[in-house]
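Some structures to go through are shown next.
There are two complexes below, and they share subunit A, which is joined by subunit B in the first and by subunit C in the second.
Coming up: the complex of A and B.
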């Protein structure tokens, strides 16, 4: 029971519909940064709101810092939350926004002053304390929202897509700020996002959700290099992993969509077989798989080359100054069952690399 | 050219609305004889504000209690009682409907809403009976309380609360805010402009009440200024000269407070319509 947050068998149903969350389990270490990621409707926000106590859960239990909080009111749970649209009180100054929760908890004036000033200094919003939220930019409002969460010094931070209202440049900046801040304060955090880049960069551990179920829980490296299912492999990583349906012919030989036959490693004996290859794991000098080039996207440091294998699209990422080629090779690849989405194996290159790392 | 036309139209409108008032005011500074002989006057007369002095201090009725001051005071009580009472009651009603999981909440909302179909005139006899049974005839409570529920204001506040983002409530919940605190600390300050708008409307409605106070009150000390306007010409009908100068002065006096309320609250009113600080 040394875990900071323990969620077991969380189920949430809305009305008579299918459950939005089906038996969610998670144990979080103190100081850990957990990111819940998944497409919209995967239940990630529901889980977060259940932890906050803003949703009553259908069944299951939640404990925080060794205390069962399943049926406690949100304010009694020792958590703080940063909302997507900031949810600052528009009629209060920044100072009052930060102080409001403390005031309601009966802190004395001097204590409030000290905590607010400290949080404001850390977030560099001291100059804005007398202003109304209306007079702040999106990034500044975001800081205030974080300040409001920080002043309480809660046992758990909850972030509900806090960066999705910001423009791309500011988002990258604030992402870094959040990470730094969380490391500095060492507060256990749960962060919800649909952006897999945010998930990869922020998380100590990522929880990939789909349709109310956990697809995989793991560190960003594990999720990227060792995806547990077709869904995880396709959701995590930009540009997304390529998938080609292949037919196993026995003796580690498969037939590709362009009717080419190819010898590959560890081909599973499966009827519905899918090979997954990340765009960055393709060798342009491989001369194994014939491709047709459709389009090239220049990204500066690298480029994306969109090709076709038979009828199927294949994206190649490279930083070599090559624009013309007609055959490639797969450096690393994964095997999936196209029916169930289960991972069946890989080219074994992964284990070697993991051993090296 | 276009601007000239625009201004022309606006000026014509202003003249159309203000000329009668000007006539009233100027005429009230003349002697009664002049008014009766020559009708309304375009230029100021010799009496100055004497008619106002009379209108404010002279009693109209028999008891000597219904002076202008007294009537203005009564109307003010009506106006303020209406405005403040309606704001409080309808804010509370809308709060209950929007923020609490009441059984039959939408039924209650529509029940309140349908009372728009039952204005005072339709239910005046039962209303009178109830107030009479409660022994509230000839009291400010009796004047204000039976009319204090407002479907219109409840509807406005409900619509406004529905536009307040849910996250604000959730943030408040995390900030250890109870239902009463949330109402007072968050909703009331956010509704300020709404309240100003409702205040203007309801103050004028209260100030202009005629039928209800006429039926409700028999004592002259509860006469309102609007009732007084009618009385001033009818009660003195026996005397030979109706006091038109005083009547005119009283009309002007009766208009001043609502006009002031509109002017004072207008800034907020417009702000409430134009900008949303959510």
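Coming up: the complex of A and C.
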């Protein structure tokens, strides 16, 4: 069976600038929820808008539900998009906003009525149908924007940071709603965000982008436990992964920034070696690496302890009621090449570790 | 529109700020208006030495005067056509200029500089272009087999006036329409692009309704322009010829009052004009404005 959405070798240049997207490939299964994540300006919106047909792409091809849509107009693509600022039509009532796309596709009145009512009921916006968008709160507008995408029952949903205009509480709530809704409707979705919590919680698979290129594509677990590069490791996970430059001395021994020598597993042979340790993978009772404590941040259920190894900062996350220690151990760690940013060493080992953890 | 009210503690200062404006309005509007109302009930001898109260006689005379009726109808038709054509043309140009990506600035300059031309100067320019002996356009019309003669043919004269008035008015409308178009969020247009395939349908269901407040405002401006500010054009181009066929109400006020020295009738005409504009504006704001704002 062919994939629901297939993007191959997508390149997009704006004017004569460097390409904003450089050879993007992605194959999406039917019903899959894909999240594009990456820092500002990495080309997330550009990819999404190219799929929607709002940007003409420089080269590459896009096919949706077995049909090549590369050169089709947006309205012909069977996609629906939810915009960051909702983009509701201000001169139309909520009902008309939902009905507009259906009307233009020639649905009859009864059919439109039925679909709008059904979507409105699902989103709990039935009471607001006669209102104009300006008389709605941010969260309600968000629902209407969702409704406008839903009524058409498209082959693909596109979301461009749909929650970033909401406050933190509402955002968490809507995140859950979107997830539930998507599972219930089973519509293939591409979701753009720079919020990694959104990415981790929503995605079936995450695409991590950097500078117009894919860094890694994988499930949230893969991305978290088995990052493909220094960039992915540092971008995903809060608090961020710790990185320490180390020198390999042979025989699986490394020298740490505080001049301490330490025996570790599977040390790769590399000149520019970087060890990465997640704050939550540090054992406060292992007496291996000497640290100095600088500052403790209390987070309620857990606490962050900011320490130093030589000149380098190291953050420890723990929920043990410990605030004083002077040596730690690394439960789990990753190797990177600090020059190229590439992940080094045997990822198999890491996967086993992850499975055990 | 929702009004946001904020109370500031104040004494006499705000009134001092608006005082100059109020004085100007009083001196240049209320006082002459009162004067006109007063004079419209008087009969003055041609030398302005004596005047006598005659009640509504000036008005009665006007309404039985067929040339006034003709002027009335000409003004309405003229204003309607000038407003409609210049609005439609400006909207078309603005939509086109807005969709152009390259050299958009140049188009904007080319389409707006006419605005800076004074009406009398525009009239003079048009006078040469339409001149029967040397005029380029006259020549072209004649070559096409249209014996163009604004001196004797009322249709030709009206055609010429409308053409020049529209040419003069398009830039203002263009600027406002372009600004209106550019204030429509891009994502809104894109959402519509996904929802609606046809460009023209999208224009009439999304873009135009969103421009409605701008269009309404421009309609008021354009009618006022066609009513009053075309005076300079008429004075340089036709002076109401042939035989008063291109005399607008405003031009007739001037002709009867300043050239014909019939101050009573002229004042009565001004008063009627004033009432007409008031009624027109009231209608526009009462019935149209409510519908155009979203």
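Observations on the model:
The criterion applied here is as follows: the second predicted complex is superposed on the first by the 347 of 357 C-alpha atoms of A that agree within 3 Å, B and C clash if a C-alpha of one lies under 4 Å from a C-alpha of the other, contacts with A are read in each partner's own complex, and residues count from 1 in each chain.
The definition used in the following text is that contacts are C-beta pairs under 8 Å (C-beta built on N, C-alpha and C of every residue); 3 or more make two chains touch, one makes a residue touch a chain.
Quantities reported herein were computed from a predicted structural model and do not represent experimental measurements.
Aligning the two structures on subunit A places subunit B and subunit C in a clash.
By the touch criterion stated above, A:90 is placed in contact with subunit B and with subunit C alike. Legend: residue contacts after superposition of the two complexes on their common chain; A:342 is shown touching neither subunit B nor subunit C. Contacts of A:299 after superposition: neither subunit B nor subunit C is touched. Comparing the two interfaces of subunit A, the one with subunit B and the one with subunit C have residues 52, 54, 73-75, 79-81, 83-85, 87-91, 100-101, 104, 134, 148 in common. For subunit B in complex with subunit A, the residues that touch the partner chain are 165, 167-168, 170-177, 181, 185-186, 189-190, 192, 277-278. Those residues of subunit A whose C-beta lies close enough to touch subunit C in the complex are 49, 52, 54, 73-76, 79-81, 83-85, 87-91, 100-101, 104, 132, 134, 148. Subunit C meets subunit A in the complex at residues 185, 187-188, 190-198, 201, 205-206, 209-210, 212, 294. Chain contact summary for the complex, subunit A toward subunit B: residues 52-54, 73-75, 79-81, 83-92, 100-101, 104-105, 134, 148.
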